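What follows is subunit A paired twice: with subunit B in the first complex and subunit C in the second.
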Partner chain A sequence: MKNIRVGIPRALLYYRYADAWKTFIEELGYEVITSPETTAGILKDGIKKSVGDLCLPVKTFLGHVESLKDSVDFLFIPRYISVEHDAYMCPKILGLPDVVRACFTNLPRIIDPMFNIKKDKDNTITEFSRQVARILSLEPEAVEKSFIKNSGAGYMNEQEEYSLTDKKINVGLIGRPYLLFDRYLGKNLFRTLSELGANPVYIQPSENEITEAMTVIPKWVYWSMGKEVTASAHAFFKDDKIDGIINICSATCGPDSFTGDLIRKRLNTRNKPYMTLSVDEHASDTGIQTRVEAFVDMIGKVIV
Partner chain B sequence: MTSLKGEELKGYLGIDVGSVTTKVVLIDYDGSVLWNSYRRTMGQPIRALQSAFSSLKKDLGGVDIRGVGATGSGRKLADHIAGADRVKNEITAHAVSAIHLLPNVRTIVEIGGQDSKLILIRNGVVTDFSMNTVCAAGTGSFLEHQAARLGISIGELGSYALRSASPARIAGRCTVFAESDMIHKQQMGHNLEDIVAGLCDALARNYLNNLARGKDLSSPIIFQGGVAANPGIKAAFEREINKEFIIPGHYPIMGAIGAALLVRDTKDTRFKGLSVSEQRLYTSSFYCSDCPNTCGVIEINDSEKVIARWGDSCGKWANMEE
Partner chain C sequence: MKLTVPHMGMLHIAYTRILRENGVDMMPPPKATVKTLNLGVRHSPEFACLPFKINLGNMIESLEAGADAILMPGGYGPCRFGYYGIIQEQILRELGYKFRMSTTDNPDKLSDLIDTIKDISSIKNRPDGYRVFYLILMRMAALDRALAFYHYYKPREINRGETDRALEESVRLIDSANTYVKLFMENFRVKRIFRDIRIDKRFKPLRIGVLGEIFVTIEPFANLDVEKKLGEMRVEIVRGVWLSDWLNDRFRFKPFRRNQAKLSALWAKGYLDYPSGGESMETVGKTLMFHRKGIDGILHIMPFTCMPELVASTIIHRISKDKNYPVLSMTFDEHVSEANIVTRLEAFVDLLERRRVERLSRN
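Right, the complex of A and B next:
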């Protein structure tokens, strides 16, 4: 079994589950190959492979598949439908293995187990593991044991801390992790803010914070990630130490267009500086730089 | 303005290198404009800046420049060429000059060559802003393109619009659609005045839908930037929201004035001097191939010597010592 290589594209849910996936697959005895960080070249390849009107993060995902596909034996592209009760991933993530198959020919075999939490059923992980075991001809029990053991690992573990400091200006950053932490797509917002003398802050909201935020808005958000973004926004708006909030989203993201509006209209009751940065494949760094600079100036109340 | 005999003129320079035009102003400590230049960038910002500097020298003779502020999308370039004490984004620069002119201003509408901005001010500080995204629908470049297509000069566009009794209905969401809509109206037999007025309405609507959605545009409203030259647009805005749009005398150079206002307390200026206009400056560029990002790196050269480099995301070219 040595030297069988499983590729994980560094995009989308990688930025949530990377560590869990990596250790899980390695423990099964495979070598894990992760694609490099997104570059202009990777995005260009993704756009070339893309069909129809896919969003920027999915196009990027395709670019990562392109960079991996010829050097691995399997691609790990699980189908995450739901990771909690009454909340879902967006349709493009639901259909990700199908999107990839439709956009490429000559792909290595895709490991695409379904992760779908359903009401009244507690066999999500067993079912997920059984599908992985079938594709890789392994013992389902061993796969399940390994998955459960590793499922606690997240992505933030390898990130720096982005928390409050004594700096004058603390800017709360909200957005999907695959935009915020992809330095190319997210225009390196963390660095840009630091260079301007501001302190970027990121939080992953707790269950309680999510529940609280959901009671303030008229209706529960049923996209898992949208719910988190909304809850982070709510926590930041309440926190006196946070001076302003930047929401980074992909220009054509459906869920983000709903949550963005909810955040602006329902959560910003104290009129804190709040800005949406929408990125697409044409967004220039200059335009982002200008907006972020002006935002920091606005918080710092630059007057003559 | 002629040079003052005996005593050398003192002032602060504001440079706004925009996508379409390059603006340079000289102000005194109180913010009065002593001299200004507004010229087309023509795709060559360095040349535009150099020629502004040589006319400054020609017009005023010697002048003691105490501070330099740079703004506009070419602000970094301006800094490398001229040596700026502050390099500010154009949103802040526009806000600074408008507040200086009218301290109780609450809304700034700024439309330039390829950018449009909305800045909300409360109690003399910026509280919110928005800026058009990649689409240039509803900016000066689009108006200019349409004026050229209709065979009228950009300066006349406004007066055509004002003569219209019944503006044609034109879609303003996208320049491509607006253009095909205008052609359709022209082939239907609408007169030029109505089409131009319709175009102005479309531009104002586009701005209000994109930038002002959900925002409170309260008076006083200042309208600045090159497009404020067009009385047809001013009229369209006023018709649309039923509020007065105040156009400052120096509307096209407000960004540059803002940049200059920001450097009035400079101690030792980094300004390289007006002689920059005589240097043999040219730029060159290359794509770095050291990593897959393939950043485009820009070099400014003075004769054979590289004086500045930028554009790389890792900074290794920008920080390289020659």
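Right, the complex of A and C next:
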């Protein structure tokens, strides 16, 4: 085939839409190249490229772009404005393609179609496909069909692995997928917990759970991911089998600074053990390890 | 019921008198001081932005001073501002204060604001609501106009401090204008007051464009009064964000002023293609506009962890590189010190001065 390579940085929304994007682009006849998993080197590159105090996940994203940009013909960085009618993505994701363009010179062409359900609910996908088609000079109809077909695929369904078990200590993990599932940024919390004999639980809240959680708090959270974090926190606090909850967030995350406050004060009515781990580029593995260990220890004492 | 609304620049001057005359027991918060900020910081989430903290401090101080109702504008993102009221109410209730909290759900919508006015005041019919609301908007515009005069005259004044006194006098005049007719007349008097200032007509000051997040840019307490500091360094300020422009974009009360957000979007094409909330579009668009208009440099002001402005800041640094155009980004939070700001401003002004000398000698 043409063998034109399209790069997808393994950061931010990759952890939500990876499978959908990959099959979508492959089906259009291109080769997909994803950047390797985050390493210290990638993060360092990202920090070098970024100006000012952008948050950790965005810096990482820039690092991934750096590692990809010389080996691909196109970069796939869609602009996700809103995926639901009542919520936005974070402002930094709204401006992501522009930020990438601002931070690099001699980039390959960026495919940056806009996905905005708020603007025009019925034609979002048509519009999205039209923009992809324009950049790649393809037939819009074919692109649309392929996108609709693949849009159901989520990020690798690892959820089953993280469901409840009969183990003694179940720890609910909440946080944005791009922190939680990035093994480097999220300090591999899943494995750390398993090694300590606790069982990490992660859920992708369903529509109903989100609606229910939003009735408990005074005003619905208008960031898609913040909403999910809040909803899974709510589900965990209600669930008797969950013994403790860890919230992992990036230190200067805007939405999380507010939803974190809501979760701590509004949702934790039963006073379950709850800990916020905020990570930034200086967070050390040992520091996180120690805190998680102490947390699990404490839960163990409470239960016995 | 004593109603209070957190400070934002000179907004309280625009509405206090008018609402009082219409039966609202208004009580603007005490002027923000270091104590206000400390109170706000102590009770806020760690990474909340500076406006949130100052607002919270305002609220606490007003409640202490006897207010028992708070009005806080809201909204639905993507900036954090829309969620301020919720978190603040929660914090204040936890501190044990008793009060009534009202938020406007959608500050972009006129009818919503009129309903809010009807709700809190003795005005009961819609036309009167409109009349009062537009008078407040006009008063805000008059205040902004006086401030624009101030920016122009301050670097050129011969007797130090004369412009500051003129601004005070103008604010007082505008404050006393409680009808449309009076306001119309006072506008002329304000113009005259400024025209009477003795200025050095041959002096050509440096011009710096001030852009950034709206609250920190227009609230002298939050930005340690950078505008006055620059004025005293004899620099003319060309401000790109005005509260009355922001209001005008939504409620169209200045017939000859273009929609600034749309105007900025035209300028920003190619650098920022979709607004990422807040004033990001204005910041990027107007940086390019000011560059074209020959303004000497840009001072970009934002609160620490501000999401929209971080995007804008990244982009305008690229513009700075592309166009060889000086841009200084200043991040404000509770730890920023006066000496730090002054030193950086002085260095920036020096740099601009040198560039100008070079440019002039080249021609």
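FYI, the second predicted complex is superposed on the first by the 293 of 304 C-alpha atoms of A that agree within 3 Å, B and C clash if a C-alpha of one lies under 4 Å from a C-alpha of the other, contacts with A are read in each partner's own complex, and residues count from 1 in each chain.
Simple rule for what comes next: contacts are C-beta pairs under 8 Å (C-beta built on N, C-alpha and C of every residue); 3 or more make two chains touch, one makes a residue touch a chain.
Since the structure is predicted, the reported quantities are computational estimates derived from the model, not experimental observations.
Q: Mind checking the superposed model to see whether subunit B and subunit C fit together on subunit A or clash?
A: On the superposed model, which is not a single observed complex, subunit B and subunit C fit side by side.
Q: Touching A:171, do we find subunit B (first), subunit C (second), both, or neither?
A: neither
Q: Between subunit B and subunit C, whom does A:136 touch in the aligned arrangement: first, second, both, or neither?
A: It touches nothing on subunit B or subunit C.
Q: Have a look at where A:271 lands relative to subunit B and subunit C in the superposition and call it first, second, both or neither.
A: first
Q: Of the partners subunit B and subunit C, which touch A:52 in the superposed model: first, second, both, neither?
A: A:52: touches subunit C, not subunit B.
Q: In this superposed model, does subunit C or subunit B come into contact with more residues of subunit A?
A: In the superposed model, C touches more residues of subunit A.
Q: Determine, under the contact definition given at the top, whether A:251 touches first (subunit B), second (subunit C), both, or neither.
A: Both partners.
Q: For A:97, decide between first (touching subunit B), second (touching subunit C), both and neither.
A: So A:97 only meets subunit C here.
Q: Minimum CA distance, subunit B versus subunit C, superposed model, integer angstrom?
A: Minimum over all C-alpha pairs of subunit B and subunit C: 6 Å.
Q: Could you tell me which stretches of subunit A are touched by subunit B in one complex and by subunit C in the other?
A: After superposing on chain A, subunit A residues 251, 265 contact both subunit B and subunit C.
Q: Residues of subunit A touching subunit C in their complex?
A: 50-55, 79, 81, 86-92, 94-95, 97-99, 101-103, 112, 114, 217-219, 221-223, 251-255, 257-258, 260-262, 265-266
Q: Mind listing the subunit C positions that touch subunit A in their complex?
A: 45-49, 74, 76-80, 82-83, 86-87, 89-90, 94, 271-278, 280, 304-308, 310-315, 317-318, 329, 331
Q: State the interface residues of subunit A toward subunit B in the complex, per the touch definition above.
A: My answer: residues 36, 39-42, 184, 188, 251, 264-265, 271, 273, 278, 280, 282-284, 286-287, 289-291, 293-294, 297-298, 301-304.
Q: Within their complex, state which residues of subunit B touch subunit A.
A: Per the stated touch rule, the residues are 73, 88-92, 96, 99-100, 124-129, 131, 133-134, 214, 261-262, 264, 291-294, 313.
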